[in-house]
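Chains: A, B and C, in written order; residue numbering restarts at 1 for each.
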Amino acid sequence: MTKEQREIVIPSQLLGDVKNKKAGRGTFVEKGKIYAEILGVLNASSEHVDVIPIKGRYDPVQQDFVIGIIIEAMQSSWLVDINAAYPALLHVNEVPWDVDFGETEKYLNTGDCVMAKVSQVDQEKKLQITLKDRNLYKVKGGRLIDIEPQKVPRIIGKKGSMISLLKKYTGCRIFVGQNGRIWIDGSYEGIKKVIDTIYLIEKKSLSYGLTNKIEDLLKINAKEVH
Amino acid sequence: MTITPSIMRDFLIKLSSEGKRADGRKFDEFRNIKIEVNVVNKAEGSAKVTIGNTQVISGIKIDIGVPYPDSPDSGVMTTSAELIPLASPDFESGPPDKESIELARVVDRGIRESQIIDVDQLCILPGEKVWMIFIDIHILDYDGNLFDAASLASLAALMIAKVPIERLKPTLDKLKDKYPDIEQYLNQHPKDFPLPLSEPPISCTSAKFNSVVVMDPSLDEEQIAEARLTVATDNNGDIRAMQKGLNGSFSVDEIKKVIKSSIDNGRKIREQLYKSVGK
Amino acid sequence: MKTDIKLIQDGKRLDNRRLDELRPIKIEAGVLHRAEGSCYLEWGGNKVIAAVYGPREAVPRHTQNPLRAIVNARYNMAAFSVDDRKRPGPDRRSREISKVISEALENIIIVERYPRASIDVNIEILDAEAGTRCAGLTAAAVALVDAGIPMKDIPVSCAAGKIEGQVVLDLGKDEDNYGQADLPIAISPRTGQILLLQMDGHLTLDEFNQALDLAIKGCYTISEMQKKAIMEKYQKVEEVK
């Protein structure tokens, strides 16, 4: 009997005992027992137990690729929204341009979009991002959509299998931020198809064999998109 | 504050120059509209309207009150709107801000000035007691075009509302001591009765950006809109209310086009409204 | 208040319920588009909608707590939710209820996870018929889970009371008005800890114990419904067609 879905757990659900398992992310321990602390998918082995969240804001991890939107240009830095619980700071030293004090608005302004990387997450959850790396820059053109950050792995797929499918059948350029923000550029029909498919994947993200099902769907609806 | 990414602005503008909208609609096309009535039992009348993902509830409460001094024989009507923090990350709790006040006043005028409610039939005792109609609009989910959703919900709620004689009988009986004529009023109106209403005008809102005017703006379109125009039209194709908002401008030509689309869409929406209240 | 109506007759109440029976309850998770978590709940004649935003940076800045998130629950009754229209805006009663609900939620939300942030819970009563704070908290709990907020438990709330000398579960409309005592509580079902407790009226110690027991039992029944509503939303096996 194959399971069509992964197991969902909810806060307060008993998952195990510290005596024989290691409590991982998404869990808390009370009186030697391990409980789920969030709504999520159970990821358990004989040695450990984790809960992978299926809802909630983006939880920033160093080195993550994210797509950010500038909230405010300040004297020597910018405040950036990356769909986390807190805004991130982008310092003038972390951009590829030579920015003078007070000249930040000349380069990035409220509403501008950047491909960035999370460079630091400190104890107090203060976040910093950087544009100093390959493939990081200010974005022009295209279209943005937001999905649940937890669904990002499904959109990318194992070794990028899902996102390659999307690019292949729509001819669009697609960048997926770990923070759930996705940038798409291409023809009107291509972009629409990418978005419809992404929302479908988001809805069915918990099913097994999703990549094949999506490929079938894309094939059925494909006219050759060059 | 939710910031609109400049990419989205550029995208919507680029599409509009090609005659397209992000969700594939035509410029003068409305999103899917759903009207449900009687959603709140305590209210004398209520309706929930969904346009796209925008959800608005309007509740009617009717009570006994005193008339305005300059219209002693007419019922009284007030409208208020709450942009409750439930509906959007940008709505704050607190006293109504200018957005909710404008929303309430525009819906109010659409109903009051077009005299949908025959307030002269809402007199209990001339100069002393009249029926007071309270229209309270609650935004539950904000995804663009609150004006039309709020207005439609209020109309639907009014159309199925009943004056609560039965619930207020104890109060009316007590008033008989001071006002013996109430006896006669109660004989004429022994049971709950529907509000005296005439054909409602339907409001249609359009937004302008990049020299393009679209009807029923989605949230994204509303956030980049430079100007907004709401037009209420009746079943004869006459204009009953208008409101321009935001600091952009319209050409006379654009206004005429909007009026025509409002009349056409108004007709379709009116049909749906009648169906949902069982007419 | 006094009345001539008999609230209990032959062991049955005005709405035909037994003394220890709950009114019908319906719970649906994830009903709003903009809110990060939401819940629609019907409980007898009550209709409640709860929405959660956050965690997000708390504003204004001076309200930020450097060590943990603050929980802002806002309980509000719609103007049309009651017999005599209520003037819009918070009154003292709403503010008090907002406070006790915030405190109950603060107990089980893992607030240390989000310093300087706020978790905003909005509870809107659309239709009111006794027990709105219990309905509100119960709905808020589901909305919090739906929003992915880390919690040690899913709190649940229920009330018991006394009418005509008898301790009963879940006071209805007339029972609330003409009853002799009202005891709304909220618990953390996993541990049995009491998170919210208010009482007004007159109860002997014995009656209090009975009422508390009954309310706790009610809470456990409703807790199963909350969990079912959440699982129903997230464990749907759909056809990819």
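Details
Methods note: contacts are C-beta pairs under 8 Å (C-beta built on N, C-alpha and C of every residue); 3 or more make two chains touch, one makes a residue touch a chain.
Worth saying up front: this structure is predicted, and the values here are computed from it rather than measured.
Chain pairs A-C and A-B differ in how many C-beta pairs they share in contact, with the greater number at A-C.
Each chain gets a centre from the mean of its Cα atoms; the one farthest from the centre of subunit A is B.
Subunit A and subunit C have Cα centroids lying 34 Å from one another. One finds 39 Å separating the Cα centroids of subunit A and subunit B.
With touch defined as above, residues shared between interfaces to two or more other chains in subunit C number as follows: 56.
Residue ranges of subunit B in contact with subunit A, taken from their complex: 3-11, 15, 18, 20, 22, 24. On the side of subunit C, the complex with subunit B involves touching residues 32-35, 45, 47, 49, 51, 53, 56, 74, 76, 78-85, 88-90, 120, 122, 124, 126-129. Of all residues in subunit C, those touching subunit A in their complex are 36-37, 54-57, 66, 110, 114-117, 145-154, 188-190, 227, 230-231, 234-235, 237-238, 240. Residues 4-5, 8, 10-12, 26, 28, 30, 35, 37-39, 53-57, 85-87, 124-125, 150, 200, 203-204, 206-207, 210, 213-214, 217 of subunit A touch subunit C in their complex. By the touch rule above, subunit B contacts subunit C in their complex via residues 39-43, 46, 53, 55, 57, 59-61, 63, 80, 82, 84-89, 93, 95-96, 134, 136, 138, 140-143, 167.
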